[in-house]
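Below: a set of structures, written as structure tokens.
In the two assemblies presented below, subunit A is common to both, partnered first by subunit B and then by subunit C.
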Partner chain A sequence: MTRRDASRWHPAEYAFWALPIVAYFVFPDHLALLAQIAIAALFAVSLDLILGYAGIVSLGHAAFFGIGAYAAGLLAQAGWGDPVLGLACATLAAAVTGFATSFLVLRGADLTRLMVTLGVASMLYVLANKLTDITGGLDGLQGVEMKPIFGQFAFDLYGKTAYVYCTIILFVMFWIARRVVHSPFGLSLQGIRQNAVRMPALGTPVNARLVAVYTLGAAYAGIAGALLTQTTQFVSIDVFSFSRSAEVLLILVLGGIGSLYGGILGAVVFMTVHEYLSGIDPLYWQFWLGLLLIVVVLFARGGIMGTLRLASKVRA
Partner chain B sequence: MTYALQTRNLFKRFGGFLATNDVTLNVAEGARHALIGPNGAGKTTLINLLTGFLEPTSGSVILKNEDVTRQPQHRRVKRGLARTFQINRLFADMTALQSVILAVNERRGIAGHWWRPVSAHGEAIDDAASLLSQLGLLEVAHVPTKDLPYGKQRLIEIALALAAQPSVLLLDEPAAGVPTGESRELFETIARLPREVTVLLIEHDMDLVFRFADRISVLVAGALLTEDVPDMIAADPRVREVYLGDAGHG
Partner chain C sequence: MTVLFDGIASGLLLFLISVGLSVTLGLMNFVNLAHGAFAMLGGYVCVVLLNRYGVPFLATLPIAMIVSALAGVVLERTLYRRLYGAPHLDQVLFSIGLVFMSISTANYFFGDHQQPLHLPPMLSGQFHVAGADIGAYRLFLIVVGLVLAGGLQWLVTGTKFGASLRAAVDNPRIARGLGIDVDRVFVVTFALGSALAALGGALGIEMLGLDPEFPITYIVYFLIVVAVGGSGNIKGSLIASLILGICDVEGKYYVPQIGAFVIYLVMVVTLIFRPQGLFGRMAAK
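Up next, the complex of A and B:
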């Protein structure tokens, strides 16, 4: 069996992860945007775990992003401003929410899942809006003060600390996700996505696997949400919004589902184009963004990753 | 006589249609038992009830002296009951090797391991490779399933069931759609299974059935018509009538 083992790191992957370091030096004035890209990338990776690998479609993934964001925010507001502690609590809160709601997405087909996930996220949105005393409602959560990371690295005005912090968390979480998808558990998720009917006949407890990955995906989304809170020191209610759920789905489809890297590439392209277009055409930028998405979906099957794969095959 | 698999007064109703009508079936340990009957007799429904793919309206399913009627499919597989599907249910984008590793991992109880890569579980890979070589699939081990000819896909279907190392194997028309030459090969593979493995077979090709089976049950309109050794079944006028009366589909 002399085949390349996909679980081993490809040289292109090392090169890819050198880019965030290069970016730090090349774009010192855009570190805030780069941190936002890292957060969007992590959020897209979290959706890829459940959609790209397990095949669970979701239009409400912002539910877990929002839970993470508010958990980190409320904790910091209460005086527990240590970022790492905040991340840990946000992860836990999102994972618990994911676990509890996972049972709702087990049953039913794709359409049911779209409705259920959408419903959960909108319920949380309304709840956050209603509980003004705790969440600040539409005004957002104020008074989020972050302490320095490990008591050493304070968040600065240029966003240096924020960028390095977000990128390191993204990398670590990516590395863990990469291990998970190449493990026997990851293979069984792909089995479920490709033929859910066959899996029980192999002895697979399909529901238990889906609960596990949904919980994991929720935890990842919670971390992304917490990073947004910690780097902006504010929580807006739109962390739960439908547009956030839809946007992360767009990012993932743009980048290509089922490869982990697709989510990251999608985030880089989407956020950059978004920034650029809204700069040159503040009124109609969404028109051009929409056009780009249509072109990608129609002509570049498998998104950016799919196109890159095809290109590397053609050359080889 | 000890039985590997039994049903007691099994009924399955779909709305007004009685697909399984009071079936009490006993499959002896180590048997090569065939289930025959005209189209629409409810053979696949019965397999689905045995495996837990469907839940019976009433009655019970007993696997090795244990009532498994309420157990989900995957538990029954863990207790040694595996099946193949009449219409391939495979993993289109996976290679033959990946598919079989997936099934082997499940049997070895490592399919939920989430940290070490698949490639680090060497014993499972060896198991899968030896199963592929047994079925003559080794040279296509790295070809995605969807790119394989139908005959080879049919063999993967069987490899997936064998990967569970079942003590009871249910084969739902394993040779369906396979060219004649290849179907002989396929049956030789099945015939080579160790005698401890009990086999319950659904098959339309009567030549194959009478060569392979040591016991035959005839299912008509959801109910068991008769059960006996092949010679007696061949001589039974009622069976002849069922098949002659439905010769076009036999």
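Up next, the complex of A and C:
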């Protein structure tokens, strides 16, 4: 299959995007969960942009998720509760943070990057914990009140509006991301991941590209964070936590790194299993999570997408 | 003075736990985020022996080290060795998986509360020297830490085993050609790293506490030590631990508003100027 074909929409993709619409009618009682899945999926896509395409490892991607969440929350708390305005501001805040910290990430190799990203997220966590006047500290940000979307669609108890809102945002952002990764810019990122020494010889400004994609990934994560705030009308300090960074990495690996659908599939499977297992026993779900992670790393490196691809090759 | 002393003690405690990580991560080039899990194992072995079976505190330490070393050997043989040479990301994910499993296992057996530790009278209490209050236990930590630092430095740079280890890491193929049993060297090193973690975990209960979340709460600290000190470098880890311990304690004491912020700042600033750590050598690849 050539690149030209890959950028065109495959029939299976149309079918895939019909599923959220079907889900709306099939699981009317689980719309809140479905909205959470959409948010997790968007967060995973944001990490995929920087990790799967540009090859930047990060243990602190929650930093941008948290920035987006707090930006949207603080804005709504101050009275500007319009969701779309909140999204825009959260995106901007996360992008600015991403841009500023991208220069730290450029330095050093994998290990340094892991540590620096982890350090940035940890600093923000401590900061959010200490600035109790602004963030509410460990109690979380209270009094977030969202206005109806475009003044028309109010958030309801059943999560109908939240689900439709999150899914539409996910689709739009996915569509943009899909355009980006198939553009020359996206291809140059893959080139950098595969051989960072050779790309300058082809005339690619490696550092500028990495800064750009890191900023973009941060902006995406910010949107996911803002969506979480707006649908739950609450911000917990947990948005900056290490477990959240680890979780999104896990979702992405489970689904398959380096293909946008991997993040989405990973989110669907992860969140469903989470809901199911923690329903049985909230304490030991972590055990199965850990086991799953080890199995995926050792035996199914490509995640769900990789396994699917392998299966279709075997059949052909 | 007291604050400085506490800082040094907490720095050496940090060193005790993270030096094991410096060995596995730095010398074997394996990003082992599950290091805290081995420390936790050591801590629990110590607490169980002490509280349930009445074994003296000092006698529990070697047992904790042996148990953790055995666990290390088993895991190295069955799982870890498959990932030598794998991308760092795989190693990170794999060891996060181990961390999650260890947390829920500890939760299952011991519950989620803090474990109490009763120190022997010899090590509790404090005395006054030159206007500073010196806790006996902290002094004990400092002595153990310094002795261990000297011993390890000698082991890595001054013995035949250390030389084989460095050779095995730098170039496994040629090391094999020279008759070094690379597999065995790695197993022994990994066991050593796990045993050191267990020692640190057991000694750290008094200051850090012990609950199932231990591996996640403190992994950041251990990684910071290794990142700042430069991996695979005993002297670097020691100095980095001291800097971080002192900064952490002084920071929390004098500017409590920003408290824990200080050590992250130290780390990020260090890594900006010296991506290889303070004493790091360029990664051997």
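A few notes on this one:
Please note the rule applied: the second predicted complex is superposed on the first by the 312 of 316 C-alpha atoms of A that agree within 3 Å, B and C clash if a C-alpha of one lies under 4 Å from a C-alpha of the other, contacts with A are read in each partner's own complex, and residues count from 1 in each chain.
The rule is simple: contacts are C-beta pairs under 8 Å (C-beta built on N, C-alpha and C of every residue); 3 or more make two chains touch, one makes a residue touch a chain.
Here the structure is a predicted model, which means the values were calculated and not measured.
With the C-alpha superposition on subunit A as described, subunit C and subunit B fit side by side in the combined arrangement. Of the two partner chains, subunit B is the only one touched by A:179; subunit C is not.
Taking subunit A as the reference, the larger set of touched residues comes from C, when subunit B and subunit C are compared.
Contacts of A:250 after superposition: subunit C is touched, whereas subunit B is not reached. Within the superposed three-chain model, A:206 lies in touch with subunit B and out of touch with subunit C [touch as defined at top].
When the two complexes are overlaid on their common chain A, residue A:104 makes contact with subunit C while staying clear of subunit B. Seen from the CA centre of subunit A, the centres of subunit B and subunit C span an angle of about 80°, rounded to a multiple of 10. Once chain A of one complex is fitted onto chain A of the other, the partner contacts of A:191 are limited to subunit B, with no touch recorded for subunit C. Contacts of A:115 after superposition: subunit C is touched, whereas subunit B is not reached. Within the superposed three-chain model, A:242 lies in touch with subunit C and out of touch with subunit B [touch as defined at top].
When both complexes are overlaid on chain A, the residue A:230 reaches neither subunit B nor subunit C. When the shared chain is aligned, no partner comes close enough to touch A:36: not subunit B, not subunit C. Across the superposed structures, the minimum distance from subunit B to subunit C, using CA atoms, reads 14 Å. Comparing the two interfaces of subunit A, the one with subunit B and the one with subunit C have no residue in common.
Interface residues of subunit A facing subunit C in the complex, by the touch rule stated above, are 51, 57, 59, 104, 107-112, 114-116, 118-120, 122-123, 126-127, 130, 242-243, 246, 249-250, 253, 283-287, 289-294, 296-298, 301. Residues 51-53, 72-74, 77-78, 82-83, 85, 89-94, 97-99, 101-103, 105-107, 110-121, 124-125, 129, 141-142, 160-161, 163-164 of subunit B touch subunit A in their complex.
Residues of subunit C touching subunit A in their complex: 25, 31, 79, 82-83, 87-90, 92-94, 96-105, 107-108, 216, 220, 223-224, 227, 231, 257-261, 264-265, 267-268, 271-272, 275-276, 283. Of all residues in subunit A, those touching subunit B in their complex are 1, 3, 5, 7, 179-180, 182-188, 190-191, 194-195, 197-206, 208-209, 212.
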